[in-house]
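Have a look at the structure that comes next, please.
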Amino acid sequence: MVKVTVWNENRHEQKNPLVRDIYPEGIHGAIVHFLKEDFEVITATLDDDEHGLTDDVLNETDVLLWWGHMAHEEVDDAVVAKVKQRVLSGMGLIVLHSGHFSKIFKSLMGTTCDLKWREAGEKERLWVIDPSHQIAEGIGNYIELEKEEMYGEHFDIPPPEEVLFLSWFEGGEVFRSGCTYRRGKGKVFYFRPGHETYPTYYHKDIQQVIKNAVQWAIPTKRVKPVYGNAKPLEGIKN
Amino acid sequence: MVKVTVWNENRHEQKNPLVRDIYPEGIHGAIVHFLKEDFEVITATLDDDEHGLTDDVLNETDVLLWWGHMAHEEVDDAVVAKVKQRVLSGMGLIVLHSGHFSKIFKSLMGTTCDLKWREAGEKERLWVIDPSHQIAEGIGNYIELEKEEMYGEHFDIPPPEEVLFLSWFEGGEVFRSGCTYRRGKGKVFYFRPGHETYPTYYHKDIQQVIKNAVQWAIPTKRVKPVYGNAKPLEGIKN
Amino acid sequence: MVKVTVWNENRHEQKNPLVRDIYPEGIHGAIVHFLKEDFEVITATLDDDEHGLTDDVLNETDVLLWWGHMAHEEVDDAVVAKVKQRVLSGMGLIVLHSGHFSKIFKSLMGTTCDLKWREAGEKERLWVIDPSHQIAEGIGNYIELEKEEMYGEHFDIPPPEEVLFLSWFEGGEVFRSGCTYRRGKGKVFYFRPGHETYPTYYHKDIQQVIKNAVQWAIPTKRVKPVYGNAKPLEGIKN
Amino acid sequence: MVKVTVWNENRHEQKNPLVRDIYPEGIHGAIVHFLKEDFEVITATLDDDEHGLTDDVLNETDVLLWWGHMAHEEVDDAVVAKVKQRVLSGMGLIVLHSGHFSKIFKSLMGTTCDLKWREAGEKERLWVIDPSHQIAEGIGNYIELEKEEMYGEHFDIPPPEEVLFLSWFEGGEVFRSGCTYRRGKGKVFYFRPGHETYPTYYHKDIQQVIKNAVQWAIPTKRVKPVYGNAKPLEGIKN
């Protein structure tokens, strides 16, 4: 069975009663709730030993989800390096919302990952622009969220290999909200929605996209590429 | 169960004893042989009524494979139009070898699809350059074919969305041998090897790639996009 | 000097006084006005002989602009075939607004090029999402148009090689408004704005984008690729 | 005039008489020689103060070229961070040959950038696969180098936005030898050839490609994107 680890910073939930009211078991708890129907899921948080991402956990994880926001700087560089090495070796990675500024995402992208934002409880519509993609399977023409934080372009990421969703916001901005990348042997999906003060992770379509993304990000079983000094074809002079 | 239709021109097999010796049941017969383990497979050929691609057949087909070479011009434009409409509606399409010059492939690409070629029984190595792609699943660092027809760049196709294999040929050429495209709601894969005078379709790795490609090209079950005149959000003036 | 041909259907201008008021010299006339500062520009329209696209004109054209809407079907297939051949040979092509449904654009794309639309005089904001691209040179964070026709996703095009602009519309939709493609040796740019009942082509930023796009689409002077039967490296057996 | 800085590690030239014989003024000297016809060029090397990349130098540089091999680890992290910040702000970067393993390239790519290699003086052919790209302007169907070090796939880079050259090697390998990326507001080009023991940088076509690449990588003059907390459209509630 596919093994999924949901990593959450889990700080807003401790400090802000409003967030705790919406997510009494944490954002990770809400995500586990709908993923566990299909996958074997564990959680890990910032305040766990090694942030809960020990070698054993990482080596057993097929797909890692990442939610962080106010404490990106507290994530240990050594843990980030190990997560990156695992992604490059094939582990899937799904980066959620404010995780755009996480060390692991910035390190895999090579850019600042900066963007515009506004907390104004605006309506958001995520339009599907890639109707043949398995991550959009089961979704209609768009997903509508009554209230969300706005993220606006320019989003300073490398041009995505695939853009699946474009967001429209009431206040006048647009955003590339569902982006895929391949890095080494691993697949990476960035998915925009999920501000901590809104019940976004209870929305059926958001849950469907995340489930689809986990399925998409499962490592393939390819023989490993060989690197380094190589022999030529037989019969070549050298 | 996934429904696959293997379309073959089936002319070389009638005219050239060498080809018939290698593929006594036709190239389509050889392909059906390894696909039927995993899929529900039927065949269709140029000389069948409507080339075997009636509305009933097309509407029931999840993924269509296409092998053609000497008789591209004999394929009826009306059939090509129907196949194209089906691809744009979601049917997967896998174009093999000399199918690069088929009407259906050229119509979906929008370019000449021209290339260099040489029949000299050269060694070919297909290097895997996308190690996380499901179409390369189970393949090693490269696939080696003792003898194949050479296809060389420049290959006049639109830049592929993904290039999975690059071929090396003994005589000095290279080729983008495994290319993916999305067109409408359908997925398209072009796979280079398979000249009629070599036993390429009996090679285990070639078979594996084609099986993987069929799996990859299965239509998703998304709600259909809505086109045409649209209503605005409530509250907008119009 | 770079030679540009502006092709316009020029029918709305004849039939609709409102359009004629805005564009008394036709949409082509308005476009010529700002292009002629930098390029050698001629015009061609549907009702000209061979639609104004004779062999002489096409062979002398470096970059062709295309505006059409109500009479796409009246464009002669033979002319479309010649334009396509020229694009594949290197001529740049810039397709404007409702040109998305022109025969030439659909033929180069291979898809339906369908979309959502609404005529409601909505505000449009074109956000720049590729800040290093020469076509966006000189443009700020976005271009704002007070009133335009809405075009909304899903836009049924192949995934663009580059998306430079994303449009936000007042009524709730988004659109990929600036898209680049390479086809053969030619470059293609689709640019969304320009409904005939709005003075869009008088907007400085829209003019700047079109000028930049012409510059970008100028053919390179590469030696032509060689296709067909090829000789191997010396010393290879065959 | 466009300002170019050629950065070279300049160690092989000091330690290996063979290399010094080929490049008596260093690899950087050879590159300056052909670039100075078109650009204002300075050089910088590892053993200069701050590796020659002071704030003044970096701020004045439009396009930076990078050749390094045996001493990647000696490049100061603080200098790498500054170079990266400049690329993300718009400076062009051209990474040559063994620069694939430089800190700056790996940091911008987010992957290991590993590959296969073999020093056997093999013939290399770089086939042009993007005939409309300005970096290939003036080049024929391929560039042939009598002897070069082999670099083979899998090359562990993100899928390039554009692949312009594919290399064929005598010993049986292929390689994506000319790759473009956009990172932030900067453009990045990786170009494979240039092993220190061969006279590759004296080859006219190699020089042409590098000149074209510098031209391509010049920063555009766009207004800077605005990031951070943003105001909504007037009339929106917040």
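Letters A, B, C and D mark the chains as written, and numbering starts fresh at 1 in each.
The rule we apply is simple: contacts are C-beta pairs under 8 Å (C-beta built on N, C-alpha and C of every residue); 3 or more make two chains touch, one makes a residue touch a chain.
This structure is a prediction, so every number in the text was calculated from the model and none was measured.
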Candidate from A-D, C-D or A-C with the same interface as B-C, over half of contact pairs in common: A-D
Pair with more cross-chain C-beta pairs in contact, given B-D and A-B: A-B
Between chain B and chain D, centroid-to-centroid distance (C-alpha), Å: 36
Centre-of-Cα separation between chain B and chain A, whole angstrom: 33
Chain C: positions in contact with at least two other chains: 128, 130-131, 141, 152-154, 159, 161-162, 172-173, 182, 184, 225-226, 233
Chain A-touching residues of chain B, taken from the complex the two chains share: 90, 123, 128, 130-134, 136-141, 161-162, 182, 184-187, 219-226, 233
Footprint of chain D on chain B - complex, ascending: 125, 127-131, 141, 152-155, 159, 162-163, 166-169, 172-174, 176
Touching residues (chain side chain B, partner chain C) in the complex: 84, 88, 107-112, 114-118, 120-122, 150, 152-154, 156, 158-159, 161, 170-173, 181-184, 225-233, 236-238
